[in-house]
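Below: one structure in structure tokens.
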């Protein structure tokens, strides 16, 4: 098994010099292509186990990552590919991990839900990651680093009690914790109305945590809002929450989707690639897409050869 | 060991014919005398283990109990003597339980924190009683009984995640759950400001649960409010919360009190016995007090002889 | 019929015949019907009594406790056994305590069902067999799903009594066919039923009658299937004859059936998928070593998973979870 | 010096010499200093690093996890062992997993300390010894407080390594004096130290040298104190000589010291206060029965609590928790 090269591929992650619009598009498209490749590999039987793609939610991943600096920390959940890739650019490591290779992110032990890199971790046990993220924020506070700890959770995860225990302590101790709640309106097979009473934003505010709610798949809006919110966490050194109303365009994991077809279809109109893609010059967009496709393609090829 | 008589003593619980003002006073004084006796017995070494008295919070116990009918259910916590006595009048059973007698409420197994009677239970594991209370409410709903389930919790217990899990489900399923949060400003040795971020009422409202907050030790106010709130739960068949700002005038358990003396002393001015006691004719009040003292006295005597 | 279907039919039958039965669980409603599809169809027919819940393992377990205290018979599906950790307090400090703590004035017969085990590449937090941590909780029964005993028989017994239960379903059983011990599914193997003392029987499986067996294998879950296969192969290929005992209830252990077998074979292998150490097999080995002190031919062999997390990568997972060959090897040792 | 003081001094010393040490727990701040006063004085001197927390066992354990992942050495006080059930998910699915699950890129050396055990009439939810449910969690060490080993020695070792730890403090130890094994506290008993392999030693206690002992007693917590007393009485009054082994670490078991003793006595009693079945003693009995197959003189005796809740009433409590006499009786049996 030839070792893989895990240095981020600029065709996928873009370069800092690239115009922001293009770079954001490239990075979202990178996540999309990666996950589409993953789903293909599953169908082919080359991957096993389970996986949770974030197709449709790429703007969250990319928009937040824009504002993090080395020393910040991200704690992600089961739906972590996008968060991981936006944070690290390490497509090769993640694909290797999902293939079960020893040169994967976690040597094949973690698999799709349990990733780890400097400043990044994920765990598939819902909600239980929240206090760990708060503990990391406490470490940052005690060290006086000025860094922050980001916790990504889904709407369904608001069912878990430990989330509230954590919000209380984070607020009480003024921890630099930034909670990003990706509200995609569904929790596995369960629509929000069967899962959640009261308000989403109120659940954070009840603990004295300033909370912003945006209903968008537009990466520029997310980028902008995240910038403000993250700056505010850094400035005040205390927690904030951002609720993003979004939608998952793919299955919950691999093949489980019982949502009304019309609902899903209507949401494709708000596909973040589409929303932001129209802003790009058509030709430039085509170039970016083909670069990303090549990047992912060569990666998949490399792993396919090794399999 | 002679068997004790567990039929409620009218000197303690009063009779329905008694004027309400007098009866409410009698019942609060009953709780007070009982617990003072308990603390004495501890000092004498006749009781062992631990206990959590509700001295100062009697108005909550008595005021709520006024509005419950057979078929309703109360789930109480570690500080359960008052809730139990207001619900059952069973002073003999409770004292026997705390003495470790086989004819105690739970045969001496439960002790001070784990009581059980028809329509009543308590458990000393904070917060964990909330879902059980909700489950009882669900049973009542499924049976269409029109009854309700009351859960007593303290302010500190709002630290436990399972409380929020339960609030969400109770609201979502419209369960006839009535949460009474006795906010006595302290959680064991910890003042609220070191324990709690954000607002208390907001924590219930965030889940869509109508919540009323009253700052009082006046049994009439509590009686009145509880009457309205309980009627509302019965009528709508859905959950409500009542937050009562009160104060514990005794130790947390037996001898642990590090609260500022001045704070405690100032709260004695709002002793519910005093607040309501002034409404009574002095002589009548004296009669009631001596009846209650006699009732408790003879009970203690009976157990002392058996010891 | 495959196990998941048999189990779904069982739940349906219980709902039909016992109005006290209520099903709670995450994503158990139609059209999804649960992560492993066991409850598919049930919420459509019993909308009030089959309730999908928020992602709140502790609360739904506690709500079941309240229902049970009021005379209902709640059955909770915990989506993955890995998340029973979140129910641990409710089970240990509430559900299993209420009866005894209140001096038996009440009963709290909650049943938790949960899919356990690896072999599907789900990784460290979705592949565990955590039942070992629930064994030995006073007043809690732990029961394991099996292909050899109709789930309706099992659940009927559980509903006829009043102790709470953790019912563990190995995920690899779901797609497998139930084995009709009396039928011709496995004409070669001999099946028996020792009704024991706990109300649930222990199934015995062997290629030859007990008196010709030289080793007893005590196994449950998917391990029982692997052990039965191993027993057959060893009988055919190596003339090693093992009697497999598959208890329905794994805790408290019903010692009678096991003692009757070990009294003959005087050698024992335990098989479980949980990690080694303080597991099911430890208690069994301790007790059997005591009860048969001086009369066992060999020390008790215990087969279990490595003391480590369960990796996602298939080849790594297979190294840590006991496979057919590990079981066969233990039987060979024990038969000597 | 009494144990609670020795432990408090230890925590103080750790705070002084290791800036990575952070203490978290409910009501641990001054003037209260914790339900058992162990941390008294510490928050006054280290206000940032000794933090009283809300009543949120899961979150504070998880916050400790985050701190540990970032290089701190958090020590969490869980007010009663009974409430470790609420930390169970954080310990099992997070803290104990991070190292291995992330292929050892990180470490998560959280230490949970918790008062356990009965004897004080606190009733069913405040008297338990629940450590048995944590034994056998891969990558978790379980360590028991003891009068025979300075807590500073223990905690220094724990801070020198990177696995998470559950440290169980039997409540009845708090007011008892530490025993200086080399000193003249108990001039009659012989004390020894087998340093073993796990980094923490096992203390040996006996009235006569090992070669004259006919039974080994493996005990921890308050049971170790009871066992040491029983050993002395039995030696004086009945000429029964037992060697008590008190391991600092109870899981994983450090087998070396135990094997060296049992190799001589060929008879073993285990003592624990947790309920019987799937406890510490079960694993020990299983392993010793295997390792000494054919050479033990008698089956391993296990002393543990009844399989039931712990009643509040003192006389009922005493019936369920093993007392000195139950331990002495087991030693008599085992010495035969």
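Things to note:
As written, the chains take the letters A, B, C and D, and residue 1 is the first residue of each chain.
One rule holds for everything that comes next: contacts are C-beta pairs under 8 Å (C-beta built on N, C-alpha and C of every residue); 3 or more make two chains touch, one makes a residue touch a chain.
These numbers were taken from a predicted model, which means no experiment stands behind them.
Any chain that touches chain A and also touches chain B is listed here: C, D.
Taking each chain's centre as the mean of its C-alpha atoms, the one that lies farthest from the centre of chain D is A.
Averaged C-alpha coordinates give centres for chain A and chain C that are 37 Å from one another.
Distance from the chain B centre to the chain C centre is 42 Å, each centre being the mean of its Cα atoms. We define each chain's centre as the mean of its Cα atoms; on that basis chain C and chain D are separated by 31 Å. With touch defined as above, residues shared between interfaces to two or more other chains in chain D number as follows: 53-54, 56, 58-59, 82-83, 86, 89, 93, 100-101, 123-125, 309. Among the residues of chain B, those touching two or more other chains are numbered 107, 109-110, 114, 123, 125, 158-162, 165, 168-169, 172, 194-196. In terms of which chains touch, the assembly is arranged so that all chains touch all other chains. Residue ranges on chain C touching chain A, taken from their complex, read 26-27, 29, 31-32, 35, 52-59, 82-83, 86, 120-126, 309, 311-316.
By the touch criterion stated above, chain D contacts chain C in their complex at residues 82-83, 85-86, 88-89, 92-93, 97, 100-101, 123-125, 130, 132-133, 135-139, 251-252, 275-283, 285-286, 289-290, 293, 296, 298-300, 302, 307-309. Note for the complex: chain A touches chain B at residues 158-165, 167-169, 171-172, 194-199, 202-203, 205-209. Partner chain C is touched in their complex by these residues of chain A: 48-50, 97, 99-101, 104, 107-114, 123-127, 156-161, 187-190, 194-196, 256, 258. Against chain D, in their complex, chain A makes its touches with residues 105-110, 114-117, 121, 123, 125, 128-140, 142, 149, 161-162, 165-166, 168-169, 172-173.
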